[in-house]
Each structure stands twice: as structure tokens, then as C-alpha cells.
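There are two complexes below, and they share subunit A, which is joined by subunit B in the first and by subunit C in the second.
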Partner chain A sequence: MKKRGIGIAVGTHPAGLKGGGDPSQAQIRLKPDGTFDLLNGAVDIGQGCKTILRQLAADELDVPLENITHQNIDTDTGPMCTGTFASRVTFMDGNAVLAAAADLKKKIRDWAAEYFECSPADVEVANNKVFVKGVPEKSLSMAEVGAMVNWGGKFLVGTGAYTPGPGQQFDPETGKMTAIASLAFGCCVAEVEVDTETGVVDVLKLVQVFEVGKAMNRLLCKGQNNGGAMMGIGFGLTENVCPYYPTMDFAVQDLTDYVITTAADMPPVMVEDIVEVPHPNGPRGAKGYSEMTASLAGPAILNAIHNAIGVWITDYPATPERILKALEAAHA
Partner chain B sequence: MAEYVGQPVLRYDGIGHVTARTRYVDDIQLPGMLYIKVLTSPVHKGIIRHLDTSAAERMPGVAGVITAKDVPGKNAYGLIPDQPVFTPEHIRYKGERIAAVAAVDEDTAMEALEKIKLDIEEQEPVFDPFKAMEPGAPLVRPEGNVWEFNSGKTRKIRFGDVEKGFAEADVIVEGTYTTATNDHAPMEPQVSVAYIDETDRLAIYTVSQDLYFHLGMLTAIFNLPMNKIRYIGGTVGGGFGSKNDIHCDHVAGLMALKIRKPVKYRHTRREETAYTTKRGPWTFYFKDGVKKDGRIIARYVKTVHDTGGYAGMGPYVVDKNSILVAGPYAIPNVWVDGICVFTNKPPCSSMRGFGIINGTAADQLQTARVAEAIGKDPWEVHFINAWREGDLGATQFKVEAAGLIEAMKRAAELAGIELPAHLKAMSSRGR
Partner chain C sequence: MKYVLSFNLNGLPVDTLVKATDTLLDVLREKLNVVSPKRGCDNGDCGACTVLVNGEPVRACLTIGLTVAGKNVQTVEGLQQDGKLHPLQRAFHEHYAAQCGFCTPGMLIAAKALLDKNPKPTREQIVEGISGNLCRCGTYVEVVEAIQAVAAGKYKE
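Entry: the complex of A and B
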């Protein structure tokens, strides 16, 4: 018999290293034609940091996005980054990029004040131009500034760094640990159909909503939300390196027996959205959240299985074997 | 004003990725490049009594063989640097590295591995973390099988008074949950290319997720300052935490330093599955004290994390799990004991979610059972207990920019679920 059920799961996820103390740096250089090189040490593992860090730099400098390159080629040229892990790059490197852009803007203003013979406070860097406020004839395009700065024997480089604070140890008695850079939140609703003859679970619908502070790029959030759901479904239903844990008997050897969720296994109805509660320390209010996209589908599905067949599966993943055994035990 | 933030800007390198213009590490071919294969332990636990690589070294097509003796610096790496690049003596898991061969191609390197004479005294392994904790269990590690935190053999979180909470509760709800060992299964398996560059520096093309973090470990292994290693990366074909740990760069770098020729070391999918770090398995025991109105007023959690043969990020993962395992709830009394155990399995380390995914998996089943035990809708339990602005977590951090209630309301709406009016009226801004 096929039985349907619905389940929910909620969660939270922090940005950055447990205990804090994980800095990142960024550097932005003005080129002779008024375009910019953004150098940063974060690795793009597919999450899209090369894209969003450019978005932040372009906004802060108020220049076209296509005028900014992002480079993280090697440790000779790339500034330090603690690493791409723990949903930290948007938060830490994003703040470092904003700081570098603000620093470069200040340096451009200082240079322009000398050129225009005015106070740096009267110089505006906006709309890809550098000009004196209220004096339309005292205005240069960024291309002109780039040429005059570089060929004039100057080198304007903005640098920035960010750390969420010094590293912290747990208090050995109470476990006190207050270094949490930001907390994102999420909620997942799963609808499943369980075949009580075979134990096979079909996920019919998955709704995922994440509170992310501020979505840097909605398209990349959608990618995270759907990609995370794939891993979450695998976590909940199929993925197990040691099927006879704790022994190593029949440990998986490759992707034939380690069954990951593929496009063909995705629920026919996938709904995702974000909500935004800006974080006071996040770049433009953003939090780190991406790892959490894999955390909620699994428990939502197991709760939906209980709702469908009335038995709790308490061991992940909920394989057909486990579901049939639980049904047998319940009816024994 | 430029306003790119918030816009669905196309991925900077997306078109390059999907049209195969992106150059990944395995695409790199250097003139005269040699290929590495690694001899790994065929047993789960043992002691190397004899290792003779001379026949492999003499084989035509072989450019060099390296073992623990060829590590100029510290033969140890990891967030907690306890894992040798090549084990000199003790074997703690099946698949542990013993020696590496560089040859003209991978087939020749595989043949050469068969010529290495290896005599291992096999020992009784322990796989079950609960058995590993028992007195008299085979020792995975000479110092004992349970990791020592600064709080002793458990990571202790003590917030409020759980016993008082249990005494005041209307209902006690208990549950035990387990999560499995997971593999990252990224599209791009581990790979590294190393050579001595024109300035006599060691250059390494890497798939590392953390260039500087790993650069620090490599300087210790190679005994070189940071500026003598040119560590080239930044483009990765999927990591999910598997590339938070070094798997190939140390081997490729040591080989290039020894034979001074370009080398490539890449995992097959089987090597990737068998030998890389994993998301470790967990057991969770929960005991909750609950009021009939749905408030969880006490939560006791005991966790056991199986980290395999080496620490890797295991203790870190237990720490991170312990901070948030009680869930996104304002629970006034929380007690957590987090235990990290060594067994004779491949080391477990970071994978997407760093222990929090496992904690959420357990906490969310437990919280659903809390709702069932008191006959409430799960939404009610989540809404009532959800953190509000300024609430304290179990490790005494203050919740800033709370947003769970807002996420739940939107999810219910999208799922077509009509929430009761009193839940809809709730907000993370106050209780």
C-alpha cells in the first residue's frame, strides 16, 4: 500500500570557524584604464564567491560590475583567507572586500583632492566618476583617473581585512562559547509517499525557506537551496558508506553502491524561497547559511515517513530495509 | 548608485564551467610529467615490520619511490596534526598510506607497487566506538581511544539546571538517533600536480578549499618557508568539505622535491571513496523535559562521534555540534556531553554542515516526538520554543537577527498550510 505523509524540520547555522578567529583579507587595485582587479584568497568551490565578492566591490565603488575582475590564483598574489568552509566566505570575505573598496575610495578621494585643489571631503566617487560635489566642471571619469594615477607614478591599492573577533576557547566547566559570527535559519516541509510493500520512499514535494540576512545573489541562493536539497535527500534516504556499521563489511566502493541523489531523483515539486532579517555585522546584512541547505530535507523526510506510516525511523538513512523492519516490528 | 547586491547576476565563471573552458587541475599536462600511485595498508590495524621498496625502484619506467623516510619536515598534518603523510610504523585504518611510486604512467606505477615488499604484523582492530570506549579495548591510539578536550573526555555544555527542569516537566521524552558515514562524492576527485619551477621553488596545483590553511601544513611537512612554495588553486570541481583536508598535495609535493620532475597524483573514484576523509557517524541520546503547553524546559544530549583512526577535524566537529545540538530553541536548561572516539576506520573530518547537520537530524526527530508526546502540532512546538531576538544559546551566546519564525511562516505559506492565528501573530522580535 502507498501511504502519504508530511513532515517538517527547522534549523539554524552559524557562519565561520567554531570559536571565531578566522580572518580574511582583500585587495583592490585601480588599473590604468579605470578598471579594477579584486584579489582575494577565498576558493570558489562552486558556491559563487567570485561572483558575489565582485557584486559587493562594484556597489561599494559604484562602478560597473564588468569593470572588476576577481583573482585568487595562488598564495603569491592572493591575500590570506582562512578558507572556504563553515559558510564563512560571504560573511568574512564579503566584509573584507567592502573594507578594501572603502579604503580604495578614500585613496582615490585623497588623490583627487590634490588634483582638484579641494578638501577630500568635497570629493565624491560615484557613478564610475570622480568629481567635486556641486562643481560640474571638476569631474573625471574613472578611466581618466586610472590613467592619470598610474601613468603619473602613483599606485592606488585598497586593502581590507575582517575578523569576527579573536579566537575563543570553550570554558571547560560550563562550555561557555560566545563567538558566533551570525546565525541563519531555515524551515523545510516534505511530502512523501511510502510504499509499505517495498519500503521505498518517494519525495513528492519539498518546500525549503532559508533566512539569510540578505541574499547577495538570488540565483546563487536558488542553486544552493536546490543543490543542498539533493544532498539532504541523500542524507535522509540513501547515503551510507558503511551499511553494516559499525563494521566495515560491505563498505561502499564507488558511486554504484554509494547512492547519491541525481537529477532524476529530485521531487517533482521543488519550492524554495528566502527571507531576510539583516545581520548588523554582515556585509549589507548578509549571513552565512549555505551548509544548512543540506541539513533540513533529511529530518523533514523522516518526519514525513512517520506521518505516513506511523513508525519512527530513528537511524539515517531511512532505507527500504529499515522501513520494512520498522513496520514489521510495529505489527509484531 | 550601483546596486548589484541582491540581483540575480550570472555566475562569473559559470559559462566557462558549462562549456568546458575552465581548466581544472587534472587538465594540466606538463612536459615529462610522471604519475603517482600510492601503496596503502591492506589491513585495518597493524605494525609495519619490514618495508623494502628496492625492487620497485629498479623497475623500468619508475622515477622514484617515497616513504616516511622521505619527509624532510614533520610527518604529520591535519587541523589537529596527528596523521602521518606516510605511516612509518603503526597502521590505524585500511587504506593508510605507506609508500608512493612515480612512474611514466599509472599502470607502470601500479605494477611497481606490487613489487614493494611489505610485512605487516596484523593486530585486532576495533570498529565500534562503544566497544572502543570499554576498558581493555584494542588501542587505536597509544594515548587512549577517547579524545581529551579541555573539559576532559567529554565536551561539556552546562546551561541552567537540567535536573530542576526535569523535575518541573509534565512529560519526559527520550530518544536515540544515529546518522551514517557520508562521502562528499564531488564531481572532481582529489588531484595534485607538483613541479620545481624556474625559480627553484616547489609549485603545486591544488584543489584545496583553503589555500592558506593548507599552505601552513605543507610548510611543516616540507620544512620550507611559505615563500618557497607556490601554491596555485582557486578553481575546484566541488568539495563539500572533502578538500578541507589535504589528500594529494603532500604526496605530490614530496615526490617532486625528491625526484625534481613534474608529477601528478590523482584519485580514481574508488580511491576517492575508500581513502578520503568522511562525514563521521554519530549516535545521539536525547532526554527532554516538556510542559504540556509545548515548552521544552530541559534538554539533555549525549553524543558519540566516531572519528576513525585520526583526529582530523573530528574533535572540532564535536565542539561545533555541541554548541547547537540543542536546536534553535530557547531552552532554559541544557546539558550536553560530546564524546569523540577513535576507531580503526578511515579518518572522519569535515563535510558540509560540520556536525551541525547531524545534530539537526537528531534534534528534529526528537522535537517531532516531543510534539507527539504532548499531543501538539509540531508547528506549535517549533513556534513556541523558537529563539527570539536576544535569547541565549546553550553556550551563552546571544541570538542576533533571529529569523526562524519568519522562515517557518513563509515555508508554511508555500506548502499551503494554514497556520493558526496565534502562531501567525508571533515574531522573532519578541515573545
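Entry: the complex of A and C
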């Protein structure tokens, strides 16, 4: 018999290391053609930080996105960064990039104040130009500034760093500490159909919504939400390294045994959305949240299975074998 | 013992020396430095090594190199024309259909094989067409959207 059920899972996810002490650094330099090199240590593993960090730098410097090249080719010689993990890069590296861009802007302003013979406070860096406020004839394109600075024997480099607070320091009186940099929220609702003869579960519908602070790039959020959903379905239903742990019996050898979702496993209805509540310390209000996109579908599916057939599956994944055993135990 | 293997790669004739046991993936990646086909599993499971042989998608890791003698082999390197990206490449880019990009060459080739035979596939046919290509990043929604956009004529050659 085929039975349907609905399950919900909610979650929260902090950006970066808990307890603070999770620094990132960034460096931006003005090149002779007026474009910029942005260096940081976080690696883009597909989550899109090359795009996000360039967006932030371009926004702060008010220059076109395509004028910023992102380099993270060498974590040895590049700025320090604890790494790409725990949804930390947008938050930590994003803040470091904003600080580096602001620092470079200040250095460009100081250089231009000398050139225009005015006070740095009167110099504006905007719209890919450097100019004296209210004096249209005192204006240079960023390309002109880049050429004059670099060929004139100067090197303008902005540096920035960010950490959400000193690591593991707390008030001995109250025990209070900056335990987490930001907390994002999420919810997943799954509808499943369970075949009580075979134990096979079909996910009919999956809805995921995340509170992200402020989306830096809606398209990247969508990709991560949907990608996380597909990982979560695998986590809930098929993926298992050691099915009979603690014994190593049938431990997986390759991708024939370790079954991840394919396009054919996409639920017929898949919905993703975001909610934006800007975070006061986030770069332009952003929070780190993306790891959570993979965490909620599994529990939502297990709850939906319980709703459908009245038995709890308490180990991931909910394989047909486990479902049939649970049903058998319930009816014994 | 080595044999001379001659075939057409992305429209150009190539000759190379191969062992009888070299797979097409070995030939492409190790001998010819054509690295868009990825060695995801070397076991036929993932589809990251998918290339076209006479227009048919095959897993290069399961194809003995010498069997492509005299045939036409196409990889992602041959998709762009005169420096212009193929419609599928542009659509994948604009739909964020590649995250880490490891599965992407195989996805592109599987999609091309599908559209070459069936330019107006249904959603089900697209899903079936790429269901042999694993994507750990889970980009399936965006990959299907990108292929649909090409099939709908939104990206011209």
C-alpha cells in the first residue's frame, strides 16, 4: 500500500567557528590600467565566493564588477584565512574584503588630494572616477589614476581583516561571550509517499526557505538551496558509508554502492525561497547559511515517513530495509 | 607494445601511440592533454568522463582507446566556435548550472547528445538524458532549466 505523509524540519546555522577567533584577511591593489586584483585565502569550491567577494569589492569601490579579478591561487603566499567551511566565507572574508576596499579607497583619496592640491575629505571615489567634489574639471578616470599611481612609482594596496571577536574569551562573571558571528534560520517541508510493500520512499514535494540576512546574489542562493536539497535527499534516503556500522560489512567501495541523488531523484515539486533580515555585522547585511541547505531535507523526510506510516526511522538513511524492519517490528 | 591510434578529435585528425589497455579517457587526458573529460570514478558510475563518439555519448573511462580508430570524438574543447561559447555553455553559465564544475563537461556533452537528436525534448526526456551524470553539488534543477532554455531557442548559435 502507498501512504503519504508530510514532515517539517527547522534549523539554525552559525557562520564560521563557534567561539570567535575565526579571522580572514583580504588585499586589493590598484593596477596600472585602473582595474583591481582582489586577493584572499578562501577557495571557491563551487559556492561562488569568487563572485560574491568581487561584488562586495566592486560595490565598496564603486567600479564595474568586471574590473575586479579575484585571485586565490596560493593559500601559502595569499592573505590568511581559516578556510572554506561552515558557511563562513561570505561573512568573514566578505567583511575583510569590504575593509580592504575601504582602506584602498582612503589611499586613493590621499593620493588624489596631493595631485589635486586639496584636502582628502574633498575627494570622491565614485562611478569608476576620482574627482574633487563640485569641481568637474578636477576629475580623473580610474584608468588614469591607475596609470599615474603605478608608473609614478607608487603602489596602492588596501588591506583588511575581520574576525567576529577574540577566540574563546568570555566574561568570567557572567560567562557571556561572542559565541557565534551570525545565526541564520531555515525550514524544510517534505511530502513523501512510502510503499509499505517495498519500503521505497518517493519524495513528492520539497519546500526549503532560508533566512539569509541579505542575499548577495539571488541566483547563487537558488543554486545552493536546490543543490543542498538534492544532498539532503541523499542523506535522508540513500547515502551511507558503513551501512552496518560498527561492523565494516558492506562498507561502500565506489559510487555503485554509495548512492547519491541523480536528476531522476528530483522531487516533482521543488520550491526554494529566502527571507532577508539584514545582520548588523554582516557584509551589507549578509549572513552565512549555505551549509544548512543540505541539513534539513533529511530530518524533514524522516518526519514525513513517520507521518505516513507511523514508525520512526532513527538512523540515516531511511533505506527500504530499515523501513520494512521498522514496520515489521511495529506489527509484531 | 604500442599501437598507432588515429581518429578525429573535435574536427582535427590526431595520431598517438597507445597501449591496448589504455582507455579513451587515458588517451584524451594523459596523451593528448584534453582534460575536459573528468576522471570522477574510472568505473562507469559518474558520467564526468562523457564524450561523443560519432555523435553518441559514451563513458570514456569504459571505452578502450583503440576502438575509436577512424571515428569522430567530441569533447567540450570542441564546443565553442570561433571563440564564441556554444549555446549550452552560455545557458549553463547564465543559469548557474555549474557550481564546482566537476560534472559540468559530462553534463554539457550529455545535453548536446540529447539536443542533437531531439531538439525539443520534454522535461522528462531532459531528466532522463542527464540522469547518468552525477552532480555532487546537486545542480540538477539549474541544469534542466539551462537545457530547457536552449531547447526553447533562447540561445542562438
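The definition used in the following text is that the second predicted complex is superposed on the first by the 319 of 332 C-alpha atoms of A that agree within 3 Å, B and C clash if a C-alpha of one lies under 4 Å from a C-alpha of the other, contacts with A are read in each partner's own complex, and residues count from 1 in each chain.
Keep this in mind: a contact is a pair of C-beta atoms (placed from the backbone, for glycine too) under 8 Å apart; a residue touches a chain by one contact, two chains touch by 3 or more.
Remember, it's a predicted structure, so these values are computed and weren't measured experimentally.
Of the two partner chains placed around the shared chain by superposition, subunit C is the only one that A:Met266 touches, whereas subunit B remains out of contact. In the superposition on chain A, A:Ile45 contacts both subunit B and subunit C. Contacts of A:Leu327 after superposition: neither subunit B nor subunit C is touched. In the superposed model, A:Met230 makes contact with subunit C only, not with subunit B. In the superposition on chain A, A:Leu220 makes contact with both subunit B and subunit C. Measured by the number of subunit A residues touched, the leading partner among subunit B and subunit C is B. Applying the stated contact rule after C-alpha superposition, one finds that A:Leu65 touches subunit B and leaves subunit C untouched. Touch criterion not met for A:Ala297: it reaches neither subunit B nor subunit C. By the document's definition of touching, of the two partners only subunit B reaches A:Lys287; subunit C does not. When the two complexes are overlaid on their common chain A, residue A:Phe85 makes contact with subunit B while staying clear of subunit C. The intersection of subunit A residues touching subunit B with those touching subunit C, taken from the two complexes, comprises 45-46, 48, 219-220, 228, 231, 254-255, 260. By the touch criterion stated above, subunit A contacts subunit B in their complex at residues 6-14, 18-19, 41, 43-46, 48, 50-52, 54-56, 58-59, 61-65, 70-76, 78, 80-86, 126-127, 169-170, 172-180, 182-189, 205, 207-211, 213-220, 228, 231, 234-235, 239-242, 245-248, 251-255, 258, 260, 271, 273, 275-280, 282, 284, 287, 291-292, 294-296, 298-300, 302-303, 306, 312, 314-317.
Residue ranges on subunit C touching subunit A, taken from their complex, read 40-41, 43, 45-46, 95-96, 98-101, 126-128, 130-144. Those residues of subunit A lying in contact with subunit C across their complex are 45-48, 219-220, 222-224, 226-231, 254-256, 260-264, 266, 270. Chain contact summary for the complex, subunit B toward subunit A: residues 1-13, 44, 94, 127-129, 131, 149-152, 155-159, 175-183, 185, 208-213, 215, 226-227, 229-241, 243-244, 269-270, 273-274, 278, 281, 306, 316, 319-320, 322-324, 327-328, 336, 343, 345, 350, 352-354, 356-357, 360-361, 363-365, 368-369, 378-379, 382, 386-387, 393-404, 406-408, 410-412, 414-415, 417, 428.
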